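Following are the structures in question.
Two complexes, one shared chain (chain A), two partners (chain B, chain C).
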Partner chain A sequence: MSRLSFILRRLIRAFVTILFAVTVTFLLLRLMPGDPALAIASPNMTDEARALLLTQYGLDKPLFVQFGLYLGQVFQGNFGTSFTQSRPVLDVLLQRLPWTLLLTFTALTLTVIVGIPLGVLAASRRGKLLDKIVQVIGVTGQSLFVPSIGVLLLYVFGLMLGWFPIGGAYSTGTYGLDWYASVATHLVLPAVSLMLIQLGSYVLTMRATLIDALEEDYVTLAKANGLPKRRILWKHAMRNALLPTTTLIGLQLGFLVGGAVLTETVFAYPGIGRGIYEAVTQLDFPVLQGAFLLLAITVVVANMVTDIIYGFLDPRVKTS
Partner chain B sequence: MRKKNLLAAGALSVVLALGGCAPSAPESPGNAGGSFDDTLTVATTTDVVNYNPLIGNSRSDYWITNLMYPHLLSIADNGKKIAGLATDWGYTDETTGFYEIRDDFTWSDGTPLTAEDVAWTMNAVKNDAPSGTFYGQMANFESAEAVSETRVEIKLSQSDSTVIEELGFWGNVVPKHVFEKAETVADFPNDGKDGGWVSAGPYLLTEVQAGQSYTMERVDNYPLVDGEKPIAAKVIYRVFPDVNTEILALQSGEVDVIANALPPAQVDNLRNTEGVEVAEVVGLGYAHMTYNMSKPDLAKLEVRQALAHAVDYETIRSVVLQGQAVSTGSSPLMPVLSDYYEDSLKEYEFDTELSRKLMKDAGYTEDSNGNFPVSFRLIYSLQDSVTSQWATLVQDSAAEAGITIELQGTERNTYLAMTQEGDYDIYAGSFAIMDDPVTNFALSYLPGGVINYTYVDDPELNALIEKGMVTSDTPEKIKIMQEAAKIVHEQVYDNIMYTQNLYFAHSAEWEGFVTQPSELLSIVNPLSIASAYKVK
Partner chain C sequence: MTSAVDPAAPSAEPVASENERAGVATWRAFRSEPLGPISAGILLGLVFVALAAPLLAPYPASYGSDVLKAPSLQYPFGTDSLGRDLLGEIIWGTQQSLLVAVAASVIAIAIGTVMAVIGAFFRRVDSFISIIVDLTLSLPVLPLMILVAALAGPSTATIIAVIAAFSWPEVTRLVRSQALTVVDLPYVDAARLMTTSSAWIIGRHIIPAVTPVIIVSVVVTASRAVLAAAGLAFLGLGDPTTWSWGRILYEAQQSGAMSSAWWLTLFPSIAILLLVLSATLLSIAYNDASNPRNRSR
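Our next item is the complex of A and B:
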């Protein structure tokens, strides 16, 4: 298979996945109990007034008509208008998306930077005390609940030690370089929270794949040739063990975005995850559809890029 | 080398992307100065959903738009309506009402606020039917007319003694010269994109960081505050969706006030926290259970009475509410409505033996385990943590009386849908503000009333409520509503369990707050925010 046809096939697959996500999201939201007019309207509104609201939102039309209209809008780059905010959905989402991207990519970077060396360390000292400690850290991390770890970090490092601010993405009234510094300090605790809950997967995957790699013939050969242990570990075995970890990064992106909803809520971080939480409580279908679509696109594109990179790293993938 | 270049390019693109989000410094306000230069930071749990006060969705919408768009009337601790923008109000005949408004209010862009703004606002709400509470009060409103610079006359479709006070209390007045540009006020976002906002309140919204903060700057001419100048130069609302984070921010000094009421379990903790003060505010609503009379078992008075006597109200108030609630004597006329409250109505006594007797009187027989052959499904919202807790106590105490209650806690939207469809035996919930007894009774107990969750249709009660609606003589109206409350109590058409007192935390560094009843007004009402000052 040529490189171009490999990329083309991945693009088609990504498009179909996004279309599937759009359809499922649209239908799932309509299957949710309750109606938006009830969630938005004052309790002392008459049934007629509520019916009028449903007409305004276009929710009185048959489902397939609503879906057709929605798809038509999406292909024109129009995500509709928020029921509650009376503003274009894209405006609402684009205000928040950069913060979510900053948070998730910082958390991902931190996880990779910390997780991979920890996994290598554990594998190279297999069965020893350090290996056991790293495994305990990995398993504990996987069982952590974001809000609990978030509040704990805020209490210790925000309130007691006063090292980091409590909540928000930056301090109001900061400008220029101060603003960048403020963004950085506000980012630390939420990013560390997200990192902690994912760290386990990376550490344990890296450890397991590296242990396998260290048992391969080429490692034995390298040892026999007298190559230094460190070089065998970091230059040869780890490079091969990195492939499954690369796949993990793609797979974990969806999980990361899910974790961002809770993290952003606890840390009052103004990202898209919090927007989803608020839109769910208000049954703001256009915002929810738009948010899920944007996130689906982000995750699918990231996965596709991972896939393509993997294809270049390991030529066997392209031909499979 | 190539790797290093890639890394540098990546880092640069992140910095550039963030640069797009970086705010630029606003021009310094010309009206701040002297000792009036402090910033009051207020925490809230929700973002502003809509800046149009005629729509208004979240509490933050209400708090922030209230600082810009005045109400005609406010409310005293006893539930009585008091002057706001209006200085006088009432009726000239059965179907004509009026407001006389102040002549010293000006919009922040220099345009005077006149009766024309008031009349235009009301007519626009009536015509465009936005989804907020304002429109919900307009059933008998026909039209408004500015007959002078300071007088508005209201035409009603039928006699209604509640409408003038209810519209005056619930409705904000918006600037006609801004809002009339919109095709309809029902979907006008009022997001300030067209040259910013204008305000006739103590503060003007100047900067919005979505999901993060709302910065408001002082408007010097606010006639309702002493000296006509609000004290804090700026008010910043910051959003903390998680209450625990919000409390940590207050303790750390990042915020000065928490706008939302504290969860009962946090009140004592914060009272004992150094540097934090807790203010008590009278609640204007109540928590209650209604028994769906469209179900044959619950249509029987004895069964409703049995259920009402199988609730340990005192334990609920002392354990779940931590003593932060008062009994209403099982009456919809709460003690806070002092003119209407009648202490002869007593709370249903918790007596499971009496419940058993009542069930037997209703024709039910206990089985060998002492249980009656009935089971009732009680619905409540899982987002309402207080109700979620006492629902379990209600279930347990009913079991002592041999009555089975099946709890069905659901997510809020499901709960609202089930409530709307009457899909329950027992409804448990609370109303935040029941400020006007006649309106409250009409909505709750008249057939077709939008919160008639009991599905009651009692001709005697209906006649009293309808009489109350057309009676403008206050002593007479009070007498009528007390008679109506007696029927509701005797027939268990509603089981009012308590009025919750509300507690609000603020930094000890700030004083001068003016409390008003309910969570919506509390210590963040416009007068309070304009009067608060930092202790030097």
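Our next item is the complex of A and C:
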């Protein structure tokens, strides 16, 4: 398979996934028990305004036609108008998206930087005390509720020790370098919370695959050749164990985004997640549906990009 | 379960005793490690608290004058911003959390298993089912659950339905891979020669073979359901008429007491962690115990 067709297939797959997300959203909005117009028309509107809006959105037409119209609107970037802010949903969300991207990307990077070496250490000392501690951390990490860990960090490092700011994404009234510094300090606690809930799966996957890799013939051969243990572990075995861990990133992206929604709520971080929380309290359905679609598109595109990069890094993917 | 003429009657005996022997060995291995029984004990304790809630504490509904009191002898877990006893809220919240976890995971397991087995057995629909599963798993599920729960209006039934509706693909993925290996085994081919009833083969041979995977995924799905339900309630999408651990956290956040009254977040957080962690450890212990390769060690 050539590189071009490999990329093309990934593109088609991403497109189909996005189409699926849009279809699911449409079906949910229209087939839910209750008023189908609820999702676009505020209950506070006058009857005429409401009727006008329904015709405008084609809600008086058959379901099939409605779906076509909906698809057309979504792919033009028209996600409706926010009830509470009277602005296009896309504008509201695009303003928030960079913060969510910054938070999730930082958390993911931290998870990989901390998680992979921890997994390697555990696997190399299999059955020893360190391995057991790492396993306990891994299993406990997977059982954590993000808001719990967020509030704990907020309480200890924000309120008691005062090391980090307790909410928001930057300090108002700062400019230039100071502003970037304030963004960085505001990012620490939410990113660490998000890292802690992710860490478990990465550590445990890395540990398990590395233990398998260490039993492979090529490792025995390397040992027989008298290569230093350290070199075998970090250069030979880890390289192969990294592959399943990389695919984990794709599998965990959706979960990561869900965690970000809760984390942003705890830290009043101005990303899409906090926007979802505010939209829930105000029953702003267009924002909720737009937020899901935008997050879904982000996850799918990020997944596709990692897949393609992965395909270039791993020579086996191209031939299979 | 089947008609009077049971084509597999001769084979039924050895299969049953084989299962029994495996069961006994699993149980013995399970008891020999402390982790499994301890987790099971904690879970049973939580089930007891949930069932005995009316005996343990009055339903925390009336507002009190002791607002935001730190834990004391009178209020072991302190009080919330409306002067209600936090211990009572946690106890009643146990009921709700367990109910949602059990109901949502049972529904998700039922749908997920049926989909997996149908997919593995009837290859024609398999690609369709696995595409749906793959697509759902690659989407951010929590924002989707939030959208649906907000549209349907917060109630216990909504929360259970929403969590179940988006949890079954994970079950299908787990069970399907196991079912696919079973479907190709010779004894299933033999069964195909004996009967034309696919339902019978699925019920008699395939479901029993995937049962260990199902048991593990019940626990995993249930503990994820606890986290999902807590997450929805934390965002204000919980049932406003019943207490849940997520609702305690939501109200603490709403009243602005989250950062000053540490007990309001600490105790529900411990409750969530206890339930999810013991469920996870139980599934790990069961997994280790049921694997014959681990037993010899």
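One rule holds for everything that comes next: the second predicted complex is superposed on the first by the 268 of 320 C-alpha atoms of A that agree within 3 Å, B and C clash if a C-alpha of one lies under 4 Å from a C-alpha of the other, contacts with A are read in each partner's own complex, and residues count from 1 in each chain.
Going forward, a residue touches a chain if its C-beta (ideal position, glycine included) is under 8 Å from a C-beta of that chain, and two chains touch if they have at least 3 such contacts.
Everything numeric in this text was worked out from a predicted model, so none of it was measured.
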First, second, both or neither for A:Tyr277, with chain B first and chain C second: both
Touched partner set for A:Thr265, first chain B, second chain C, both or neither: both
Partner chain in contact with A:Thr209 - chain B first, chain C second, else both or neither: neither
First, second, both or neither for A:Pro147, with chain B first and chain C second: both
Contacts of A:Val257 with chain B and chain C, given as first, second, both or neither: second
A:Pro165 touches, of chain B and chain C: first, second, both or neither? first
Which superposed partner A:Pro98 touches (first chain B, second chain C, both, neither): first
Touching partner for A:Trp179 - first (chain B), second (chain C), both, neither: first
Contacts of A:Arg87 with chain B and chain C, given as first, second, both or neither: first
Overlap of the chain B and chain C footprints on chain A, listed as residue numbers: 32-34, 38-39, 147, 151, 154-155, 158-159, 166, 265-266, 277, 281, 283
Chain B to chain A touching residues, read off their complex: 14-15, 17-18, 20-25, 46-47, 49-50, 52, 55, 57, 129, 131-133, 135-137, 139, 186-189, 191, 207, 209-213, 215, 236, 238-242, 244-246, 248-249, 251-252, 254, 383, 410-414, 416-418, 420, 431, 443, 450-451
Complex contact set, residues of chain C against chain A: 135, 137-144, 146-148, 150-153, 223, 227, 230-231, 234-237, 249, 253, 258-259, 262, 265-266, 268-269, 272-273, 276-277, 280-281, 284
Touch list for chain A against partner chain B, complex: 32-35, 37-47, 49, 52-53, 56, 81, 84-87, 92, 95-96, 98-99, 101-102, 105, 147, 150-151, 154-155, 158-159, 162, 165-170, 172-173, 175-176, 179-180, 183, 265-271, 274-275, 277-278, 281-283
Touching residues on chain A, where the partner in the complex is chain C: 16-17, 20-21, 24-25, 28-29, 32-34, 38-39, 139-140, 142-148, 151-152, 154-155, 158-159, 166, 250-251, 253-255, 257-259, 261-262, 265-266, 276-277, 279-281, 283, 285, 288-289, 291-292, 295-296, 299-300, 303
